[in-house]
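Listed after this line are the structures, all set down as C-alpha cells.
One chain, chain A, appears in both complexes that follow, with chain B as partner in the first and chain C in the second.
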Partner chain A sequence: MEYSECEKKRILVANRGEIAIRILKAIRELGHTAIAIYSDADKFSPHLTFADEAYYVGESEASKSYLNIDRIIEVAKKNKIDGIHPGYGFLAENTKFADVVKSSNMVWVGPQPKSMYDVGDKIRAREIAKSAGVPIIPGVTLGSNTDPVDAAKGLGFPILIKASAGGGGKGMRIVRDERELIDNVDIARKEAESSFADPTIYFEKLLEEPHHIEIQVLADKFGNAYYFPERECSIQRRYQKIVEESPSTTIDRMQAKSMGEAALKVIKEIAYDSAGTVEFMVDKDKNFYFLEVNTRIQVEHPVTEEITGIDLVANQIEVAFGKSLSFNQDSLNIPKGHAIEARIYAEDPVNNFIPSTGKIDYYKIPYGAGIRLDDGACKGFEIPIHYDPIISKVIARGKDRKQSLYRLHKALSDYHILPLKTTISFIMNIIKHPEFIKGCYDTNFINKNYEKLFDENEEYIPLAIACYYYLGSQGFSNEYNLDGRETLKECWQHLTNFRG
Partner chain B sequence: MSETVKINNKLWEYELDKEDNCFIVKIDGKVYRYEIYMIGDELFVKENNKYIKISYFQEKDGLNLWAEDAFYKISEESEEELIEEESEKDIKAPMPGIIKEVLVEVGQHISKGQTVVVLESMKMSNELKASVDGEIKEIFVAVGDQVDAFATLVRIESE
Partner chain C sequence: MAKILSSINTSDENFKKRYEHNKELIKEIEDIKAVIKNGGAKKSHEVNKERGKLFCRQRIEKVLDKGSPFLEVAPMAAYNMYGGEVPSAGIVTGVGRVSGREVMIVANDQTVKGGTYYPVTVKKHIRAQHIAMENNLPCLYIVDSGGAYLPLQDGVFPDKEHFGNIFYNQAVMSSKGLLQVALVTGLATAGGAYQPAMCDQCIIVKDTGAIFIGGPPLVKAATGEVVDAEELGGADVHTRISGVADYYANDEEAGIRKVREIFANYPKGEKFPIDRVSPKEPYYDPDEIYGIIPDNLEAPYDVREIIARIVDNSEFEEFKARYGQTVVAGFARIGGYLVGIIGNNGAIFPESSTKAAHFIELCSFRKIPLIFLQNITGFIIGKKYEHQGMPKDGAKWVHAVSTTNVPKFTVIVGNSYGAGNYAMCGRGFNPRFLWMWPNSRIGVMGHNQAADVLTQVKIKQYEREGKTLSEKEIENIRNPILEDYKNKSEALYSTARLWDDGIIDPAKTRQYLMLSIELSLNKKIGEVNFGIFRM
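Then we have the complex of A and B:
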C-alpha cells in the first residue's frame, strides 16, 4: 500500500528485535523502503516480517552478524542502500561504523561521527559539558601517576569509580573508604582495560539519593535544536533502567526548562544534528549534573513520543536525509498527560535475573486505550541466547500519572508469556509499591525494597485451586504427559471422585 | 479429607467440595465459594457478585493460571518430587546456552561445590557445580555444543 509520495529511499536497519520493528515501521510510514538484516538465530525473527526486503548477514554470534561492520557494509552496498539506521546497542555508538557508512556514500541515521567521538569518552564528555557551562559531578581523572588516595581526599567519600570508555554501568564501583578504594582501583583499571580496551578510570563524588533524569533532544543540520520534557529513569537495577516515566515527579517545569536548556548547550557544543539524549543526575536538593550523552535513539524513547505526539524515530530519519525540523519549543514544554514504560526482559527475577531464553509457547498481549506495546516476539519465536534478552516494552499513557499507572498495571496483568520467565511480575510489584505510587523514589529504590519486590499475590490462591479442580473435572487433558505416570487428568478425576 | 497442591513452589493444604454448580474451597478454616464457567478459552469465576476472568495454559510441569494481577503455577506435589529425585545429582543446564568448558572426565571423582561445566548464555558465564560428592558417570556434551534449558549435561553418581 502506497500512502506517501516522497523520493523513495532504501533504508537498512542494522538491528533486530523490538527496536528493529519500531524503526522498520517508521521507514515504511515515511514512504521509504524498509530493509532488515538477520543472523542465523533470527531466520524466523518477527522483525523480518516488517521489512520490504531482508538480508542475511552472518552467524548467530553478534560479532559475526549485527556487529560485523564489513559484512553489513557489503550487504548494504550490494543492495544499493541509501541509508543505515543502527537502532540502539550493537553498532549504534560505534564511530568507526558511522564513518564507514558515510565514506560508502550512505546516510548515517545518527549524528556526525565527530560528535559521537567527542562524547563517546566519558572524561572528554565531562570536559565538553564543563566548557558549555553545564554543571558536572565533582570528579577527578586518574592519570597513571596520580595517587588514588590523594585524588579521593580532594573529593571526599563515598566515591564512584568509573571507566572513561565505559557505559551501561559496566565497570562501575562504589567505594566508601580509603581501604575499599585501594582494594578496587587496580581491579577497576583491569576491568576497564578488558571491557573497553582503555584502562583509564576516574573518580566521581557519589551523590546521595540521586535521580537519573534525562533530556531527549532533536536537532537538524540547519542549527535547529529542541529539547523535550524530561524522562525520569531512576528505577534501575545494576545501573540498568527498568521503568521510565515522563514527566518526573521530582522536578517541576522550571527545573525541566533549565535542564532542557543545559542539554541544548551541551549538544550545540558538539554540533549535534540528530536525535539524542543528555543524561543528568539530580541530587536530593534538586541540583542537576551532566552525566553523559547518548548519541542514538534510546530504549525508552516511546515515553517521550507518547506525551508529545512526536515520532522521534521518523524525525531522526528525516533530519539525517536533510530535512529541517519545524517545531515550536513552547509546544514541547508542556507534557500532554503522563506516560510510563516497563521493560520486559526474558530474565528470571527469582534466580538472580539469569536470562531465560527459548521458545515462546504462549503469548498473549495487552491492549486498550493508552496502551502501546513495542515488542519483538511472538508465539513460536525462540528468544536467542546470543543477544540482549529484551522481549518488549509496555508503554501506558494517561491524562495524568494516576491514570497511566492504572493502565500499565492492567496491561501487565494481561500480558502473558510462557514458558520463559520474565520481569512482568517484578515490575508489577514496583509500580504497586506505595513509595512508587507516591512518586517518592530515587536510584536506590530497587535495592532498598528488594525483598518486597518478590512478594507474591496470594489473594487468588483459593480461586486458583477451584479453577484447577474445575479444569480437571472438565476432562482437561494433559497432552504432554506420555511417560505412563498418573496424568494430571487422572489426578483431577481422583479429586472429582472423592465426593463420590 | 484435605489435599495438598503446589502453587509457585509453595505447598497449600485445602479441602474441596462441590455443591450444585458451586466449588467450595476451604483453606485455614476460611471458606470460599465460586461459580466457574468456561467462556471460550477463558474461565469466568463468580465470587459473590464479582466476576473474575481467568486465563490458563497447560504445560508439562503444571497448570499456569492468571487471575487479575496474580500468576500461579499449579502442580501436584508428588509428580514434581518424582522428577526432582531422579535428577537432582545430575548437572543440568539452568537455561539454554553454549558449553564453554567441560572440566571433568568420565570416572573422575568430584566433590560437592566443584565446577563441572561452564555454560555461556547471553555473554554471561555460568559455572555449574556438583551438588554432591560423587563420580562422573557420563558426559553428554562437548565444548561448543548448544543446549536447551534443563538438558542433562553430566551424570553424577553420588558416593
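Then we have the complex of A and C:
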C-alpha cells in the first residue's frame, strides 16, 4: 500500500491510556515503529500491548515519569527515536518540552514551539485573535474618570463586573440593567480595594445561555490549512467536557463556515502547522467569540473523524514529518451524518465526581453499528490514582442525530465496568434528558439538571458484582480472554434471529 | 486497509429518486414473500391444526436454537408457476442452528397440495442437499408429504436430478459422515418412504406420522386387504415391529426435542480457520445502497460504492486499481473474515480478464473466499478485441473461477448477461450461494439486443421471400419478443426457477454474506489445483 513506500520512522508516544493506544495504532497503520513509555503504575497497562517497543521512564507520580522531560528525552535518545507524539495532557502543550525535542534533532508531532508560546497564554491569545480580526468577548477596564454607565452601554447588558487585579471569582457581580449597575459599581470598587488593594474594575459582556463550540483545524508546513465541522462541547462538569457532538444543534452551516474561517485566521496569524482546535463561546444570539487555541490533538477528536472519515492523528503525524495536505474544503464542510462522544471516567458522579480508582474485575465492551470505542482499560487492570481517571470514550455515529443518540444509549447500556464507579449511567441520563434530545442545552445544562441526572441504578453495582462472582464460582465459562476482550463471536451467534 | 471514500451525496435529488424506486422494489418482494410464508390455503391450515399438527415454519422455528439465524434458500421458488398454487414450491429449505451446529433443514409444507413434489419442489430439495454437501452440513428432513405430484410425474420421477437423486444424495452424505435425520410428522408415502428410511436416525410422531411403500387405498386395490394408516405404518408399528424408525414421539413437540438431542450428540466439527479479526460495521450505511442502484439498468455506477456498504469499516485494499479498470478486485473483511471481492465497472476486456484471473489465483493460493458482485453486460466485442484474443483471456478467467479451491459467493447486483455471467461465477460455476437483488436481470443478452437480433432474423426470412416490412410491421414483430424477453429476465422469473438461492434485500447483503461465508467454513478449503490456462 502507499504507506509502505515511505521511510520507516521510530515514533515515541509520550503518554498513556486510551490516547496512547489511539496514537500507537495510527503510527503502526502508517507503517512506522510505535514506541510506548510507562511508569511503575502502568507496568501492566493495555497501552503497552499496542506498541512495538516499550520503555520504562520512572516512578508512578506523573512528575517522575510522564512529566519528566529529562528522563523521556534520555530514553528517546538512547533508543534512536525519530519523533515524539505527546498526546493530550501531560507535556502536550509544554513549550519547553517541544523545544528540547526539536533541539535533540527529533520531530515534534505538534506545532512549532513559537506558535505554542503565542497562544499559550490567554491574554496573548486574545490579542492575537483581536489582531486577526476575530471577535473576542468584549470588555473594558474602568478608569477612574470613565462613566460606568457609558462604558456599560458600550458593551450592552448584562455585564459581569470583575476586579481587574482579581481572580477566582472573588468580587464578581452580574448586573442586568442601568439601575443595578449604579447600585453595584461602588460596592464592587470597595470590594476590589479591600481584597486586592486596587479599586480598578473591569466590565465584561456576560454571555447568556453560552455554548462552548470549537473548530478542529489541520495545517501543514506548506501553508495549507483546513477547518472541520464544529464540535459542540457545552456539556461540562467541573469545567471539563463530558459529552461532545458534531454537528451542533445550535448553529447552522453558514455560521459553522464563518467560525471555520475565523479559526483559520487565528491559526494563520501564528503560522500554525499541525492539528489543533480553536475554541469559541457562542451566545444565545449566535454571536461567537474567540476563547483559546488548543495546540494538541484533543480528547474529542474522534467525533470529527467519524463524520468526515478523515484520520486526524495519522494526518497530524504525517504533516509533522513534512507531508503536505490536500483536501477539498467544501466537501469537509458537509458532515456525513452525526456523531457523539461520551467520556467514560472512573469517577463517582454522586460524590462530586471524585475519582474511583482501583482494579477492574469485570469489563464488557459494547459493539454495534456505528459504535467506536477508544479505550485504555481491560479486565484485571488497575486504574492508577496518579493520573487523569479517563477509561475510555464511546463514540456513536448515525445518519442523523436521532440515530447516533439511540446508538450511543444502547452502547452505554451494554458497557459494564465493575466494580468502579463510572460516568456511564450519568451520561445515559444526560442523553435521554428531553432538553438534550431536543438539542436545547447550553453550558449550564448539568448544573441546571443536577438532581435529575443521577441514577439509583448505581446502587445495584454491588449486586451485579456479587452475581458475577457467583456465576464464576458455578463454573460458567465466560466469553472473555485474559485481557478482558471478548473472544470473536461467530456471525451465526451475532446476527440474532436473522430471517432475511 | 484504506477506507473507500464515497462520492455519493445522500441529499441530492437523484439519490432520493433512486432510493424511493429501489425501496419500492424491495417492498414488492417483501410483500410477496409475506404472502408466500403463509403456505397453503386457510382451509388446509385448519385441517392441519385439527389433527394437532404444526405448520412447517413453526416446526422450524421450534427446532432452531434460541436466537438462531435462519438462512432460507429459495423462499420464492415456483412463484407464478403451476397457476401460482404452490407457494415456496411446497417445501421450506434453509440453514439454521440446531444445538449449536449449522444444519440444513428441509421441511415439506403439508398445507400446499399435501406436500407433494412438483418439478420445482424436487429441484429445491436437491439444491438444499447440494448446499449441505458442498458446505459439510448435516441435514434434518421434516417429512410430511404425499410423494410425487402425479399429474406432473414425468417432470418429477425419471431424470438424473429427479426424485431418485434425493435418496442417492442421502446415501452419499451419510457415507461422508454427514448426519441425516428425519422427523416424520405426516405421510411418507411410496418413494417418500425412503426419505426417513435412508436417514441415519429417524423419529416418528404418534397418530400423525406414517411411513409406507403403498398407502391404504393402494393396498386395498392391489390385495383387497383393509387396513388403516396407523396400523399399516404408524409410529408404533415402525418403532416396535418394523424398525424403520428409531424413536417414538408422543407429539410433535416431543419429536422436536428429540431432534435437538440427536444433534447435540453429533460431534461438532471445527470450522476451517481463515484469517479473521474483530468485525466492524461498514463506515457507510448499507441503507444508502438503495440510493445508489440506478433506477434504470443501463445506467452505470461504481461498484466500489456498493463494496463500501458491505464490508467492514468500508475498507478495501484494491488490486491493480489502474489496470483493466472494468473489473474491480481487492481484499476486504466481512464480519471480520478476510475475503477477495470481484465486481464489475463495465464490459469485460482482455486486460480485465487476466487481472481477474490473477486475483483469483492470489485468493486460491492464500485460501481466501471469493465474492462476486455481478453487474455485467458481457464481454467486449469487435474486430480489435477478437484479434487481441478476447476468448483466450476470458477463458483464463473462466478456468480460474471454475477450478479455484476456495468457496465462492455470488450476488447479482445488476445485469447478468452472456458470458459475463460465467466469468462472474454464475449458477453453472457452483458458487456456494447465489443471491439476487430485486433490480437485477439475467439472460443471454440484454432484452433490447435480444429483440433486435431476433427481429433481424425475421426480417431476413421475409426478405428471402421477397417481402419488405413496414416500420409498423417490424414493431409488431419486435414488441412481443421484447416483452417476453423482458419478463423472462426478471429476478422473480429467475428465483421461481431456482436459478438463484433467493432475492435478497440489498441492504442486508452483508448479513447474507457473513452467514454464508461462515457456514462454508464447515468444509475444509483444499489445495490449489488449476487446469491449463490458454496463454
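FYI, the second predicted complex is superposed on the first by the 382 of 500 C-alpha atoms of A that agree within 3 Å, B and C clash if a C-alpha of one lies under 4 Å from a C-alpha of the other, contacts with A are read in each partner's own complex, and residues count from 1 in each chain.
We adopt the following convention: contacts are C-beta pairs under 8 Å (C-beta built on N, C-alpha and C of every residue); 3 or more make two chains touch, one makes a residue touch a chain.
Everything numeric here is computed off the predicted structure, so don't read it as measured data.
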Touched partner set for A:Gly309, first chain B, second chain C, both or neither: second
First, second, both or neither for A:Gly368, with chain B first and chain C second: second
Chain B versus chain C as contact partner of A:Ala197, first or second or both or neither: neither
First (chain B), second (chain C), both or neither touched by A:Leu412: first
Comparison of chain B and chain C by chain A residues contacted: B
Partner chain(s) touched by A:Ser425 [first = chain B, second = chain C, both, neither]: first
Which of chain B and chain C A:Lys399 touches, first, second, both or neither: second
Chain A positions touched by chain B in one structure and by chain C in the second: 488, 491, 495-496, 498-499
Residue ranges of chain A touching chain C (in the complex, touch as defined): 1-2, 309, 334, 337, 368-371, 399, 488, 490-500
Residues on chain C engaged by chain A in the complex (per definition of touch): 1-3, 5, 9-10, 67-72, 75, 97, 102, 271, 276-279, 281, 283, 285, 287, 317, 335-336, 502, 504-505, 508, 511-512, 514-515, 517-519
Of chain B, residues touching chain A in the complex: 1, 3, 5, 7-8, 10, 12, 14, 16-18, 23, 25, 27, 30, 32, 34, 36, 38, 43, 45, 47, 52, 54-60, 62-72, 74, 76, 79, 82, 94-98, 121-122, 124, 126, 146, 148-149
Contact footprint of chain B on chain A as seen in their complex: 348, 351, 354-358, 361-362, 364, 385-389, 409, 412-413, 416, 418-419, 424-425, 428, 432, 456-471, 473-474, 476, 478-481, 485-486, 488, 491, 495-496, 498-499
